[in-house]
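Order of writing sets the labels: A, B, C and D. Residues in every chain begin at 1.
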Amino acid sequence: MAKECNVALIGQQFMGRAHSNAYLKVPRFFDVPIEPVMHTIAARDGKSLEPFATRWGWRHWTTRWRDLAADDAIDLVDVSTPNDVHAEQAIAMLEAGKHVACEKPLAGTLDDARAMKAAAAKAKGKTFVWFNYRRCPAVALAHQLAREGRLGRVYHVRANYLQSWGGPDTPLLWRFEKKRAGSGAHGDLNAHIIDMARFILGDEITEVTGAIAETFIKKRAKLGGKRGAMGRSDVDDCVLFLARFRKGAVASFEATRLATGNQNANFIEINGEHGAIRFSFEDMNLLWYFDNRDDARTAGWRRIMCTSAGNHPYADAWWPDAHVIGYEHGFVNMAADMMRVLGRKKPVVPLPDFADAYETQRVLEAAMLAATNRAAVKLSEVK
Amino acid sequence: MAKECNVALIGQQFMGRAHSNAYLKVPRFFDVPIEPVMHTIAARDGKSLEPFATRWGWRHWTTRWRDLAADDAIDLVDVSTPNDVHAEQAIAMLEAGKHVACEKPLAGTLDDARAMKAAAAKAKGKTFVWFNYRRCPAVALAHQLAREGRLGRVYHVRANYLQSWGGPDTPLLWRFEKKRAGSGAHGDLNAHIIDMARFILGDEITEVTGAIAETFIKKRAKLGGKRGAMGRSDVDDCVLFLARFRKGAVASFEATRLATGNQNANFIEINGEHGAIRFSFEDMNLLWYFDNRDDARTAGWRRIMCTSAGNHPYADAWWPDAHVIGYEHGFVNMAADMMRVLGRKKPVVPLPDFADAYETQRVLEAAMLAATNRAAVKLSEVK
Amino acid sequence: MAKECNVALIGQQFMGRAHSNAYLKVPRFFDVPIEPVMHTIAARDGKSLEPFATRWGWRHWTTRWRDLAADDAIDLVDVSTPNDVHAEQAIAMLEAGKHVACEKPLAGTLDDARAMKAAAAKAKGKTFVWFNYRRCPAVALAHQLAREGRLGRVYHVRANYLQSWGGPDTPLLWRFEKKRAGSGAHGDLNAHIIDMARFILGDEITEVTGAIAETFIKKRAKLGGKRGAMGRSDVDDCVLFLARFRKGAVASFEATRLATGNQNANFIEINGEHGAIRFSFEDMNLLWYFDNRDDARTAGWRRIMCTSAGNHPYADAWWPDAHVIGYEHGFVNMAADMMRVLGRKKPVVPLPDFADAYETQRVLEAAMLAATNRAAVKLSEVK
Amino acid sequence: MAKECNVALIGQQFMGRAHSNAYLKVPRFFDVPIEPVMHTIAARDGKSLEPFATRWGWRHWTTRWRDLAADDAIDLVDVSTPNDVHAEQAIAMLEAGKHVACEKPLAGTLDDARAMKAAAAKAKGKTFVWFNYRRCPAVALAHQLAREGRLGRVYHVRANYLQSWGGPDTPLLWRFEKKRAGSGAHGDLNAHIIDMARFILGDEITEVTGAIAETFIKKRAKLGGKRGAMGRSDVDDCVLFLARFRKGAVASFEATRLATGNQNANFIEINGEHGAIRFSFEDMNLLWYFDNRDDARTAGWRRIMCTSAGNHPYADAWWPDAHVIGYEHGFVNMAADMMRVLGRKKPVVPLPDFADAYETQRVLEAAMLAATNRAAVKLSEVK
């Protein structure tokens, strides 16, 4: 019988829900050496906490997240809170000897991220960061194909994450406040596509050559204030940047909440000498692959439905061919891989830890610097 | 607090798993007047039953499905077994006063289906049939748009359900034996698209004008037999038919397991005087809609991402815009609607009961007759 | 220097224009052994004839098409008139020793078509029928791939030609009069897809198993009559039929002018044991190809842009890779192939002659019979 | 009867062919106030010149382009030569009082372009630059929709022009020599998408905020040299840049010849407050349009087939609905519009003259400067 891992989750919003679902489903769909047990949930809002815990089957709940550190029963703490508290919570738990899984981006500031990386380096617990898109089967397959040399020398990376919910009618949510969120679309969305590019290529960005950060909508209706009261949005609505990878690829990245017509278009295309891949989250079950060594007469982008058990990453756990999966399954696949790692097995594809996510954070920082300086920034200058 | 409905499930294969997942998720994602409780699972294979029950959280398990009838604690029995036992099991449970949910197609034969319909008419329990695709948000939206008159007079229905797993290398599974399955692609796949067409149009087929049924692969490797032993596949690999609807639409249907290149392409297009809709399950989050009353200058098929809370059926229960869902969510949405109906609330879109599914069964029968006769068959002749 | 072929064209409407353009362009884009010379145009409407001739560079013009027979200078007569006069004109020209190219369908009735075939068999001139879609590079490539055995045993053909210009507001054009047009969507559109299927498969239909023909809009506004005057449309708005091919494939065909949302969706998909192809005219530069012998991990529909010189049919004549071509180029490619045949060279892919087009006409007839009989019709019964 | 305009063309390569075809087709397909007459062709290679002239119907030919200036019969000179001779030829012809149409980009250097603009300002002849993509119906429609305010405040422009013919096996064509070509993908491809963005938005770029230019393949096989001899490619294989428009939009541009999998993917997407448009040349008959003021329930990207006479730009001249056009038709549409302008009529959408193309050239220059400086460059610094 599988061993167990008692999990504590901090946070009960969108991510709290996505992670709860992941822990719930892992034992049903995966055979993993260690099974997650939904032990304790912690959150500030005591009123909604009990119903949330009951609904999801958390055995205990608390409004005092610090108490988790002292609870010997807890093995893994999952930090699913706003970015400004990641560091404090994650470091406390690492110091208490827990494994820590943290929502992305690693932190709201580079200082926080650096401290988290340092804490992880000293800790005996393992760390994970919820870059869930790595565990879309199509993205995992892209990673595998690239690692096998199917792309050859990579020339181009073209990544953008386009949403459109941030129009002028959207009120001043916490995501529009720099103090809380650290940044806007940048940390929220560019973090994902930087991680995906690094993951698929197995390469690091060495320079951000140019960048634009823009806040188009500077005033938004205050939440809970009196009618007509406006507050200041001080985060970016979009950040675009150009970058170079160590092995030579050139890249463009764009994250925005104002790309009318796109709702969750997390897109990446990579062009190499021997092949190319293309992924768009709105069709997440598909990977497009072009094999440049195919006979030119029948060469073409291949629409790969990444759902075939025995052939595609994570497909064994789910349904028959082309009985497609959705957004939430990336989280379940990741929770399963975390359990594999804790059970000393290999994950299907590599999991990002704090040190890895810190590299993504440095790129975020470099891009913001480049936008401010209106000039290139070497990654070696950002530490 | 929500009331509860004790569920018993018969079957632990593909559908047993899909339904277990549905009952597990309903209380987490939906606020329904009655919550399903995973009370008992019944299946023939006692060896695999306990681990299955444990994995999914079924409180009790039994290899004697008949015992469910006598168990007063059980409110709803879910029949997820091969088609040849649907009638026996469903009728027994209806006679015992249970609500019954049955997998599609309603039965393996029209005689069975008729008996089930009759039993349902006399019973006090409610009946449901798992035509899960009705509860894809895109299909449900198509139904709503059609009901609102957005299509106008309907000219055409073009439906096909294309799979490709039934090639010559696939062995003689129970699905290839008429005795067990009743039919091949016909009952498995045409049942779905007949139901979808009837559901979206709100109209009934009055004639099957012509049909082809074909078994391309007549011999298949026996399972568990000695190497090289071949057995006879006596079900259709494909059935195509043409039909007329009462209000005048003409239609084509095709189901096949040999449509190389297609894995689960459940497709329907409907063209009416005022508009048209198109759906393909391989991109299940999308509905394509053409509004024929749009200005011709900007008219075009609209790619509707059916994931917007407040705007699209079932979207409230899940994730933010365009955080797409998958195959399994159709089952969860249906289980939630069943709980609504048991709690005297309206389902998001209508649920098929035995009488409704019997109409689909008649069309299946008429199509087979037409294929045999090589001539048109009026539905009035099939009862 | 290339030899010349004096061409006479009968007809100055849509097809007259498409053919004129073809003869104009062949010598500019192709190196052919014989070049077409735009010698004479004939048409009934004398008033518009001179401007048309001048515009397109026809050297002579006449309102008396019979005079072409007597003109020794003319080598090839191109019959681009309504279907009801094809036979009379084509036979007269064949008897006069001319080569004849005729618009599709071969004729408005099977009797006419049979007579044309007989006349062709006795004549010394060559015959051609303008099934222009054979000469879309993507369709020609599909033919080549199928001829090479890339599809293997063919299971399925799924062809439809969907237009939508025939709504209730469209007046009573000649295309809606049986006397002139012979049929509606059937001869106009099904003729194309029957020819395409026969061409790609290299196989013949042996049975129409069932068919529906429907006239949804029975009254249309008379042209040039007084306001409000309505006349009777006595052709089909749509014809759907199911068929079997000699080598075993089963097929569905549909042609309609009422498929709201589709403008010129000439679509075919063929599924075989080893592979599949898919073509849709609205994206005419693309062939989709699925190679069933690809590794399952990277197998997928391949989007082949059929524009690569040296790799794809006809691409050498035109522009660099992916500088796409359009509808008219099918006609130019065909005119070039006709010149090759007249110059004793091989066409890029086979050209249909009257005997070949007669086979398509038999299928049209069989489908209409099946629709009338509401029962299967063997092709052997239709001669 | 239409007046005539005697045209002289310099150049007989790819563009010489595309322009010849345009002049040939205009009088056949368009009713324009002035018709082009294919008067004289000039080119250096005398040997291929006569066959080219004969093939295309040019009445005269010469290897001395300067003689065109002195020929009073000639009204319009079309400069379709490599970029390094545009200035000399165009200026000579303007000084001789001719109208001048010049291939894009305007010139190989900004100095040349400035001199051309100045010459145009003083000349009595009109000038045109062959940014042919403006005259794709879909792009022209995008321009019209934007001009009508359908996009509202524009947030984003995302443009890339992706080709893949420039791999390591491609030899050292003149397009890889800076002396001849001025630049690589930049002038060839970015010129197009800069023009398209300016054209659709009706706005000017004020700053290039960052840029990357890269030559991945630095050595290529010499043409006509001895086997194995390699020469230096000194132009960019790709240029990426970020930019800001005066009215506030932020933009990314990318041109490359190494985007494996893409052959001629000229792509632009524009997101505004009220709507969005998307165009990709590989599907050139389509414009995708998202109307942000549509009801959220049925809002979606609309696939507009831009082929409807009376509704879409240029569609009247060609074929019935969805009988699609190709690459060459952009040139024909443009030649027709030039004739309209010379005949004092309005073009369907505005034509770029030298002053307009000079603005695009300044952006090209600014992007190259930004790449060199690794810092932002204001357009006001580039004159």
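As a convention for this text, a residue touches a chain if its C-beta (ideal position, glycine included) is under 8 Å from a C-beta of that chain, and two chains touch if they have at least 3 such contacts.
Since this is a predicted model, take the numbers as computed values, not measurements.
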Q) Farthest from subunit B in C-alpha centre terms, which chain would that be? A) D
(Q) When I count C-beta pairs in contact, which pair ends up with more: C-D or A-C? (A) C-D
Q: Give, as an integer number of Å, the spacing between the C-alpha centres of subunit D and subunit C.
A: 36
Q) With chain centres defined as C-alpha means, what is the inter-centre distance between subunit A and subunit D in Å? A) 41
Q. Taking each chain's centre as the mean of its CA atoms, how far is subunit A from subunit C in angstrom?
A. 54
(Q) Which positions in subunit C are in touch with at least two other chains? (A) 301, 305, 308
Q: Quick one: which bits of subunit A touch subunit C in the complex? Just the residue numbers, please.
A: 141, 145, 288-289, 291, 294, 296-305, 308, 310-312
Q: Could you please specify the touching residues of subunit A with respect to subunit D in the complex?
A: 153, 155-156, 158, 160, 162, 164, 167-168, 209-212, 214, 216, 237-238, 240-242, 244, 248, 250, 252, 254, 256, 258-262, 269, 271-276, 278, 290, 292, 301, 370, 373-376
Q) Which bits of subunit C are touching subunit D when the two form their complex? A) 14, 18, 20-21, 24-25, 27-28, 55-56, 163, 165, 263-265, 281-285, 305, 307-308, 319-329
